[in-house]
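Heads up, there are several structures right after this.
Both of the next two complexes hold chain A, though its partner changes from chain B to chain C.
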Partner chain A sequence: MMNVKNLVKKYDGKTVVNSVSFEIPKGKVTSLIGPNGAGKSTVMGMISRLIARDAGIVMFEDQDISSWKSKELSKRLAILTQTNNIQMKLTVRELVTFGRFPYSAGHNTAEDEKIIDQALAYMELESIQDQFIDELSGGQRQRAYIAMVIAQDTEYVLLDEPTNSLDIYHASKMMKIVRRLCDELGKTVILVLHEINYAAFYSDYICAFVDGKIAKMGTVKEVITKENLAEIYNVDFEIMEIEGRPLSIYY
Partner chain B sequence: MNQAAVRANRRKLVILAVIVLLCAAGYMFYAVNFGNSKLFHYSMKLRSPKLIVMLITAFAIAGASLVFQTIINNVIVTPCLLGMNALYSLIHTAVVFVAGSTSLLATNSNLAFVVDLVLMAVVATIIYGYLFEKTQHNVLYILLIGTVLTSFFSSIQTTMTRIMDPNEYDSLLETLVASFENVNAEVIVASLVVLAAVIFVLRKELALLDVISLGKEQAINLGVDYDRCIRRLLMGVTLCIAVATAMVGPISFLGLIMANLARQFLKTFRHKQLILASTLFGMAILIGGELIVERIYHYAVPISVFIGVFGGIYFLYLLLTNRRV
Partner chain C sequence: MLVILSIWSLFVGVLDVNLSGLFRGDGEQLEIFLISRLPRLLAILCTGIGMSVAGLIMQQLCMNKFVSPTTGATISSAQFGILLALLFMPKSTLWGRALFAFVFAIAGTWIFVWFIQRIQFKDVVMVPLVGIMFGNVITGVTNYFAYKYEMSQALSTWLVGHFSMVLRGRYELVYLVVPLVILAFVFANHFNIVGMGRDFSKNLGVHYNFVLFMGLSIAAMITASVVVVVGSISYIGLIVPNLIAMFKGDKIRGTLIDTALFGSIFVLVCDMIGRSIIAPYELPIELIIGIVGSIIFIAMLLYRLNHGRKAIRLGVRSGNGGLDAVSAMKGGDEK
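This part shows the complex of A and B:
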């Protein structure tokens, strides 16, 4: 269970996250949305211990996240950001192997190898498992990182803008993968997303940020309404219902 | 494929080791009078400390450069570009300036060595640790600051030497512009102790290097206590550089050449193999280079000139070909 209370972050005296409190529903997909600079990525950084917080509490499984042992936490919670530039010559399989590092510290057992094989198969990467990461396309690289997260075998998966710089085909494929992580593998997934419609179609809960505060939080149907979105983004919206989910139109 | 690549790299490492042995044998036994045991012993007595110093230096610089590149997550930086050599000269000068060249601090080379190391480790860790955090490991800032710091340290050092007693300066100069013709062989044991201690204290952090090379976010995600780890590794880098500088003086581009040759040669991320390969490259370059300098050029051109020229060209080549810099 993850419970956030009164989270605050300031950069140079400017408050970017202002007293944010929420609870992450377990076993569901939760998307953090909002305009640029609303603080959603900063919140993501703070709940994943990548960014130091200035005030507030992040309770993870009844213990504050800063009092967790880094290694133990890495078996429970995985975070994938967009700043992945590797200068090393690394193959897809070797990258996925790093996902087992919290468990085996570099000395993999047969069990670890099996999990790596499964992760590669799950992401359909077997045919390119010996290619170098820096020679892959953006979509393939993203899938390789997801495979690594799967190999890490954590209950919680945090993804910071997983569709960023992917084309429509790969982005929607990525969102289907997110859905499968939750439905098939039973993981709790937390996303930062820019595209409202991806958030509306593939997540269970939505948390909308404006100016460092939570403007709305609830199920997709509760949050994605004409009035709410107009308030959050300051743009006029039309909402259509497709497959029982609200599709937003803006221009 | 995975295992095959590891095995292929092992073979390459063996080849490198053989080359190093050949260089070492050539250096030790070239033009030696085997018939006369006195002359033979005399040659060995002259040459073996130099050889040992070269081996230690190669390892210290190779390890320091590779670890440093991994910390910064960039393959074109070397600790020397950050002014660590200049800092070393400054500290060394300051010790003589304050305590005097006839003091125990300056005359006992082992004590001087320890004082240098401690000061260097403390100052460098404070300055660079702080800067890395402040600039969020932005390579361009770090390089820029490094250049500024180099001239800053050199200026202070020059000022000290100008108001120093000329005789003091004379004895100081001997330790500042050392080369392999003038190695500081008295500190061999002390250096070995320091290097062994560094490796022992940092054994856990060194095992994390592969993960750290994935970048800060991924390292934290995989359970690395990042800030503490980086601070400790940086301390190790500083000590290694100090050891190498104390023994032979500044050889700026050697670390860069060695580390990148190793990366190009092995194409792997495994730091154990990379450090080993770059150490072997360093040994081959130093010993082979010294052999050429001593036997072909008859000491006319010091090896640092060769390293500077070829290192500079190689650095340009890396800058022009590395699109991710």
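This part shows the complex of A and C:
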């Protein structure tokens, strides 16, 4: 359970996140959307303890997130930020192995190795597991990071713009993976997304931010309406229903 | 290979020492062997291991392939510490001086890293440039004090690395490298994770600042213990980890031993060249390493240029190398 109350963040006196409260439904995919600078990524940083908050409460499993031991929390909650331009020459497997670090601190047991194998298999990375990550394509590298998060084996998975810098093929594949993380592995996934249609098509709940505040929060159908989107983005929208989900058209 | 070279190195020198002499129990030869040759070999090995491992740790923690004890102001800070020890405690022992060198090397490295974290430039080349500048400022201050108090003669011992002063009784400090390197090996995975960034380490429950400063302290202490005994040895901390990483990758657990071995072989070979070229005299190791190091460095750049993608960065890199080579040559001339 994750419960956020009156979250505030200021940068140089400017309020970026202003009194944000919401609850993340367990075992569902929740997407945070909104225009640039609306505070989505900052909120994501605060609920994952990467960014210090100026006011408010983040309750994670009935305990304030800052009172969690860092190591314990890293077994429950994993975050992947968008700046993963690591210049290190690590193999895919070595990277995925780091996901086990909170459990084994580098001394992997047979159990750990098994989980690593499963994570690699889940992301279909076995054939390239000994390649260096700096030699992979963007899509492959992103999959390697997701495999690491899977190996970390947390109930909560937070992904900051996982489709960023991926082409349409890899981006939609990434979103299908996100869906599988939730449906097959029972994880609670929280995403920051720019692409509204990915959010509409692949998530259960949507939380829309405007100017550091929550504009709308609810199920996909509740949030993705012509009026709401026009209000959030200041652009005219048309909504079409495809496979029972509202898809938006904008130009 | 290391073993063969080590044994060979034991028998290179001004005075003839050979196996048969040793086994016959020739007292004089045995004495040379124990007082000079063996300590020298051990000091060389520790230097090679220490400097390359220190370089490896610093490169990982700073997320920059061009940071090393030389380009991270560690060596110059250690020298400054030694100078202060000589100034204020003229009677200080080796250990006293080492203490000063430790404190200053750690402080200097911390200041450098604090500084580059404060100024958030993401340029790969800027970081080592700032380090070189910072190091030169410290060296400048060191030289000023040295001239003022007429200590430059004494100080030059620590400015140009050489092994000729390594004798029994005044080199043992360099053994400190061994436990420090073992410590580095134990925390290898932590260093790797911290090298992947603050968010990455927080996600995995690793205390970023603690590991960062602990790692830097280990690297600084290794460097300082080498500087106190041998003097400044540049280049190894820069090229050895880079060379190994090119072939073996960046997983510290996997490369630490390779890096250490290659570092010691490198220093050993350079030392033997230095001792053989103008025998019975010897050239300071810093000169040889400067020459060999810059050649390897240029070769490495050319290799990268032909095979790599990051061509833009190369121009500045080679400028860097030239600069270091020049200063190394200068050091040699002064001797």
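Observations on the model:
One rule holds in what follows: the second predicted complex is superposed on the first by the 250 of 251 C-alpha atoms of A that agree within 3 Å, B and C clash if a C-alpha of one lies under 4 Å from a C-alpha of the other, contacts with A are read in each partner's own complex, and residues count from 1 in each chain.
We take it that a residue touches a chain if its C-beta (ideal position, glycine included) is under 8 Å from a C-beta of that chain, and two chains touch if they have at least 3 such contacts.
Fair warning: this is a prediction, and the values are worked out from it, not measured in the lab.
After superposition onto chain A, partners chain B and chain C are found to clash with each other.
Look at A:81: by the touch rule set out above, it reaches both chain B and chain C. Look at A:98: by the touch rule set out above, it reaches both chain B and chain C. In the superposition on chain A, A:152 makes contact with both chain B and chain C.
Of the residues of chain A, those at positions 48-50, 70-75, 78-81, 83-84, 86-91, 94, 98-99, 101-102, 105-106, 152 touch chain B in one of the two structures and chain C in the other. Chain B meets chain A in the complex at residues 1-2, 69, 73-75, 207, 210-211, 213-215, 217-218, 220-225, 263, 267-269, 324.
Chain C contributes residues 60, 63, 65, 188-190, 192-193, 195-200, 202-207, 245, 249-251, 253-254 to its touches with chain A in the complex.
Residues of chain A that touch chain C in their complex: 48-50, 69-75, 78-81, 83-84, 86-91, 94, 98-99, 101-102, 105-106, 132, 152.
Looking at the complex, you find that chain A touches chain B at residues 48-50, 70-75, 78-81, 83-91, 93-95, 98-99, 101-102, 105-106, 130, 152.
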